[in-house]
Amino acid sequence: MKNITSDTAYQYEVAFQVRDYECDLQGVVNNAVYLHYLEHARHEFLYAKGIDFAGLHAKGKDLVLIRIEADYKLPLRSRDRFVVRMNIIREGRLRLVFLQDLYRLPDEKLVLRAKATGVCVQNGKPTLFEEVNRAFFSSASS
Amino acid sequence: MKNITSDTAYQYEVAFQVRDYECDLQGVVNNAVYLHYLEHARHEFLYAKGIDFAGLHAKGKDLVLIRIEADYKLPLRSRDRFVVRMNIIREGRLRLVFLQDLYRLPDEKLVLRAKATGVCVQNGKPTLFEEVNRAFFSSASS
Amino acid sequence: MKNITSDTAYQYEVAFQVRDYECDLQGVVNNAVYLHYLEHARHEFLYAKGIDFAGLHAKGKDLVLIRIEADYKLPLRSRDRFVVRMNIIREGRLRLVFLQDLYRLPDEKLVLRAKATGVCVQNGKPTLFEEVNRAFFSSASS
Amino acid sequence: MKNITSDTAYQYEVAFQVRDYECDLQGVVNNAVYLHYLEHARHEFLYAKGIDFAGLHAKGKDLVLIRIEADYKLPLRSRDRFVVRMNIIREGRLRLVFLQDLYRLPDEKLVLRAKATGVCVQNGKPTLFEEVNRAFFSSASS
């Protein structure tokens, strides 16, 4: 997954702190818990752009994860503070790709690098929700 | 919570085995995970009686937990096998009380003793679903 | 559990926000997740008093939950903000009792009222850690 | 991840059933929960070969996940039965790669295809534990 993350700037970030119940018998955050962190960070990013994950579901419109790739670089431990920084890009017509990097604070060490690919689904069919397109990909800036 | 569990017989039981991700940094099953075990055991008991928790929800009928009491007697560890044994009784007209005891296998040591109280809710109002009444409390035996 | 919580003042509080992965198929926070919230709140309270749960464990000293009681009053949903407010009292010589009330924000509605009882354990034996006694129960104020 | 899974035979499989608490507000198993399933399946596979994950940790020897790739093909729902089938291969001298496919039962539809890469770590250094080498990669068959 080299080079897929823009090393210049991130569009959004969400700060966290490890809670003890997230650690497993090895004394470090369990591997599955990072997917919870990544999901929460994506939902916060979406919400900041006016897109409410739970609200969409209530209207029969779902954002669905279809692929995850993650490289675990460093373990997080009890009470560690960290931040998930991310960008969103489009792959093809329908795929939304979140490039998500997790850094420990305050030393800024890279903990996990992930690529999460999702699609919008309505009535069982992949589509691109207008609100998602408008929020992230419309060239309103020109 | 002495004497609330019939020491004679249980109506239903569900067998489990501890999965490593359920253990926390103390190397034992995390306290919250037992509520997952208890919930799953209740849903299996209900299902065995013809009541499908998710199916009911899809019809706007929800089983809702209103109180939990649990005494933690012994910690469970990686790979421990155990069983949740339980009875259901009615408290008042609307409350369903599950008396749930969790035993480690094969030594039958008591791990946790719990009392979980729930109600049926439809359109925001507590009620007693006919299917629940029929399954557990009808005196069809006479 | 009437009257067990001082209605006058709380010693400590921790603020949270519901993350979507904490909600179950009923669209509300799953009952077991509240025990995670309560545990995290207790660990934060302890930490504020100089007691590090994970650090103690590394020294062979464990804080262990032996009983939980909780009344679920109101469901939390996606993105709800809330706070856990609490007091600690001693019961007998060894039991530490956390009286924990969870309020939704900003409307301050009571969501859950809990009583969590724990003990300090070292070498398999219940004891009262000196650092815990000093932090919470020494009458240094007189 | 085409062609990485041998379509001929799997070395091991573990059967599961979805528990209701594993489903999120979309009514399907949450994406992070699949990593719990995969981890549990790996630990069962290891155990069947005489390798105890928790026991190794107690001796200062840890199996650590360094990369996960997963394609989500189909959602699992309440009470769905499924199986995780898998093979283990070595990549380079130190990397253990689990190729794990999750199938719904009884219809055998592919739900998730994953590649989980791990290493053995002792005293902070990657190594290959002798017991792991013996269990999976020794050519004792010749």
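Letters A, B, C and D mark the chains as written, and numbering starts fresh at 1 in each.
Just so we're on the same page, a residue touches a chain if its C-beta (ideal position, glycine included) is under 8 Å from a C-beta of that chain, and two chains touch if they have at least 3 such contacts.
Just so we're clear, the structure is a prediction, and the values are computed from it rather than from any experiment.
The chain with its C-alpha centre at the largest distance from the centre of chain D is C. In summary, the pair chain C and chain D forms a contact in which both copies contribute largely the same residue numbers, shared numbers making up over half of all those used.
The distance from the centre of chain A to the centre of chain C, each centre being the mean of the chain's C-alpha atoms, comes to 30 Å. With centres defined as mean CA coordinates, chain D is found 35 Å away from chain C.
Centre-to-centre separation between chain B and chain C, using Cα means, comes to 23 Å.
Multi-chain contact residues of chain A, defined as those touching 2 or more other chains: 20-21, 23, 25, 27, 30, 32, 36, 39, 54, 78.
Within the complex formed with chain B, the chain A residues making contact are 20-21, 23-25, 27, 30, 32, 78.
Across the complex, chain B meets chain D through its residues 19-21, 23, 27, 36, 39-40, 43, 47, 52-54, 77-79. Listing the residues of chain B that touch chain C in their complex gives 25-26, 30-33, 35-36, 39, 54, 57, 62, 64-72, 75.
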